[in-house]
């Protein structure tokens, strides 16, 4: 019989809801050693916390995240608030001896991220950072194929992470556009996923040279004030107030040298029209190639030079199914398809098994720091124009 | 606050688990008027029922479905067992005044299906049949586009539903291959979805001419006996026993005349290699066209002749998002993607709202009868070689 | 050194130009035994013939096709005029002992087609009918794969041939809409290709049941008169004259039974928006599947169950290259791509080799009759509602 | 009536044959002011020259290119031999007052390329360099769409040019692997096309930072000696001789800054398995996006934010047709498709019109120098690790 674990969730936006709902669903999909109990939920907007409590059945709601961290019934703290707030909450939770499950990226500054990792290193509790694309069955399967030598020794990695949620110059200014609240722009929101996956597939990244740009230099304020961010739907603008200067990059790109000596590169933008969740990966090896795009997350393309008559060879489109990692938990039939929310369920199953000591958690807060050091190196290179060592080693 | 409703689930296979898990998840995704309580679960294999009870938190487990129907705490009965058993259970549940949620197709014979519909017509309770692809956001959106006249008056409908789960001659004989347990072959398992969607998009089907075939005429028995069906994975065969004769169609196809006068056609097979969940739809209208394939269920292709410069016109690939039906409940961000299990959640939300009187349920058991009469007409036409009226009116 | 052969081309439209130009190009791509000399060109519109003569270097131009047939220097007659005129010209040419290269379909009526075949059967000269998709490297390679057993014994064939050149109700009336000039509508223009390829891949078709429809029942006359047909570009309409009744089918579909017992089906329309040259083929076999679409004529998709680990299996997208039929004549590098005009060059190389006795020509006029009898059977079935024997045996 | 122009072709490999055949075909497709006469062909392997003369009808064949340049009947010299030989021939031809049509890249060294450009600048004759992808209708149409503002001001350009012709470690050593004969590796063979197109779509490139790699460091010699290169088919290896060290890059990538300030990047490799002619382009603008891949050269994907209801918006797949540049010369019907060889025909039509003074030729040898300076800057950056000015201004 599964042991209960008390969970507190901080934040009730897209990711807060995703966490709450996935905590509830996980035990019906996976047979985890721990069963989450939703103890408390916090949101600075207290009515939002109360609504979430009603919707998901949290024991109580609060307007102050410190209540959650202090609650003795809370053993695990989920952090889903804007990036700049992660560090304070995580440090407090670690200090209070709570396991920490934090959304990516770690923090708005390198210093805060370093502090989180140092605290986690010293703490006996478990941590996990929400790089959920690392759980996507197609991506995990790509890792397995590479590890098994199916495409031979890798020789090139290419990543693209493009969305268009900030492509419209009329998309209003929000916390995502500020260094003090978000830190990075597209690098933190999008490229962080790319880099997490690159390291998983290819090993550490040693050096980068990079460039970045703020494409849309200023944005109007929303009618409801700066807080009212929305990824979709109609947003009223307040044209009576001056447009705000955007402080972080819309677009960035980098050339990489992996520690193995392999070459790689990535491009990311939050302003590339028509792309919605285009996390595209290409890995070329001495014997084959792998292609993946999250917009078709239930497919993986594989080319292998060996074992197939050349005239009939081509990229084969593998539909993800129960033969591949995690999928069989959701469906016994190939081609039926998983969705984005299922990735969060897989991630939380891993978290619960990790806390129970059944699996080695990855990426922990210190692991995530190594991922994010690469992003900081990208920014430094964009500023200096030179190749920069990542210290990701 | 939502009112509880007691649920009993009969069957614990793929669909039984999908029902149980979706009943638990629905309230966290939708704000339904009713909240399911899992009262009882039945499986002829009682340990399987007990395992499901533990996994999903059912109040009790039983080896006899009659216990579930008789349980006063059960207000809604979910039927997920093989097709031939649907009618007895549904009739008993209706007689006992329970709402009925039954997997498709209704029954192994036309007579049993007619009896179910007659009983449902006389009963005050609510019924819903599990044609879950009718909830797929892309398909519902296609219906909306057609209804709004975006592609003009429809002039042709084409459906394909191909899988390969019986393509291998070594896939063992199972209840799916028998008329007395399954009734139809690919027509019931696959084409039933096509027909349900065709009617939803295009209105009633008046006449069909059709053909069908058993492609693999006999199959070995599985090592573990006939019951041990599996869609995927390794299955041991028992070559010491004689191969069994397959009794129902692997492949069928039909030309259709809709009541509107529009032409249509479909092909279905459970033996078409490489197809996993290829529910493909094409609708051509006087002003545009729509294409859909469940293997890429988060996309819809649309061509419209008007409003776009001809030289730049082409099918546009719409990534499904919160702008489209139901998706926004799961994610605020387009392109993230839903999965198959999400369709079941949408269906059960509809069921709960229907029982609460907030939505008109579709397809009820009588509605499903009209869908399935078309399949019976297909079989009659395949036997007689003539156009057959469907009585779907 | 290649022997010269005198060529006369009748008709100077799209196909007339394609013939002339391909005759000139063939010797530089293929090493054919015969080298065409362009002797004479005819068009009822004599200035058009004269322009073609200048453009392609024909020895002379005439407004009367009989001049071409009668010219002793003409050894081979190319017929590219509207369908209803094929028979008279072909019969005259055969009578005059000229080899005949005729565009498809043979004629506007079954009777005329039968007469052409009877004359060809009695004549010592060679004939070829322009079913050029049968030369497409991807399609020929599909045939080879089937013949080699790569997908096992075929169990289903599906064809679609959709275009949208008549989808717009404002596309004017033309000879294509009349029975006396065109005979068939989409069946002759489009489905004839499907049937030619179906027979090539799968063998003779024994029986059909079918339906057809005139979707757009009347069309305006063009400003320049009925003759001024154009597939693309702006056409002025003459709204002062009454719209004309369309006499032949926009859309048709059929279920097939091949002589082998295998099932098949096709759909064709000239009114399906967004489709430009969508000649789509699917062949399913006991061990694999093949997919092809002319809109991506340089690709072929293949699934084979054997020899590939199931988890990594999927349709593989074969880029056509020098490993495949005819392609190497045009380019040594795979993926560079052939175009539509190259198919005509391949066809004419075959014609020249056939006349020289180096290859067995296919489809001859009698072969084409067998192809087209299937189309006539489709029409009879659409009229009677019953399965019809094709006499394609 | 078109004026004749005497042509001499030097080299009889893939490109030599493509030139000869296209010279012959051009007048039947385009109405050019000049009509090529094939006067002379040279190949160091004289029997190859003689075979080409027979096949294409050249007036004479020679083993010495100087004969061609010296021939008074030759007015235009086509240079299709390995890169290192271009400069000597081009300089001689320019000196002799012949128009020069030279394959890309200009030369094996920057110095030789500079010398060619200087000579061309001083000469009254016309020059054109064979960057034939710049004639691809889809690419030219992309340029037009950008110029018309359809996607708004460009903000990012991404290029990929991957093939796999050197991916196999057993593909033998050839002149392509040597600095003295080929100069660049993938940069010259593949990325040169990318850069030519990038400049055409986006304007000059001001700065680059780059990296490159020899992935397969040594290769066996072919059985028939170093000269016997083949892109496809079986090649015997001579394992008795030592493997040769490869001298130029298999893979290279770069970040770009266009003179306009826009960011861009490219990756190229001749060792990426499964890619055959993957010249992929992406252009993102403030109002839309364009995607292109030569492996599907008859398609272009376009996203525009304006004028289409957001819920129905997505990348639209434009099938290339007569509405787009040059296509209508080949076919009146969209979707039929052009092939690679048609691009050479379009290029030569441009060449002939340019020599006749009817069109401004692009890229001339001096234009090509500017393209190739970017490649040389890439190499310098790969050596120094720093951003390098291209002098492409």
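Remarks
Which chain is which? They are A, B, C and D, in the order written, and residues in each are numbered from 1.
One rule holds for everything that comes next: a contact is a pair of C-beta atoms (placed from the backbone, for glycine too) under 8 Å apart; a residue touches a chain by one contact, two chains touch by 3 or more.
Predicted model only: the values in this text are computed from it and were never measured.
When the contact pairs of A-D are matched by residue number across B-D, C-D or B-C, over half of them reappear in B-C.
Judged by contacting C-beta pairs, the busier of the interfaces A-B and B-C is A-B.
Centre-to-centre separation of subunit A and subunit C, using mean CA positions: 54 Å.
Annotation: 35 Å between the Cα-based centres of subunit A and subunit B.
With each centre defined as the average position of its C-alpha atoms, the distance from subunit B to subunit C rounds to 41 Å. Multi-chain contact residues of subunit A (touching two or more other chains) are listed as 275, 304, 313-315, 319, 323. Interface residues of subunit C, counted against subunit B in their complex, comprise 151, 155-156, 158, 160, 162, 167-169, 209-211, 213, 215, 251, 253-255, 257, 263, 265, 267, 269, 271-275, 284-289, 303-305, 313-315, 385-387.
Considering their complex, residues 141, 145, 150, 299, 301-302, 304, 307-308, 310-319, 323-324 of subunit B touch subunit D.
Here subunit D touches subunit C in the complex through residues 1, 14, 20-21, 24-25, 27-29, 31, 54-56, 163, 165, 230-233, 275-278, 294-298, 319, 321-323, 328, 330-342, going by the rule given at the top.
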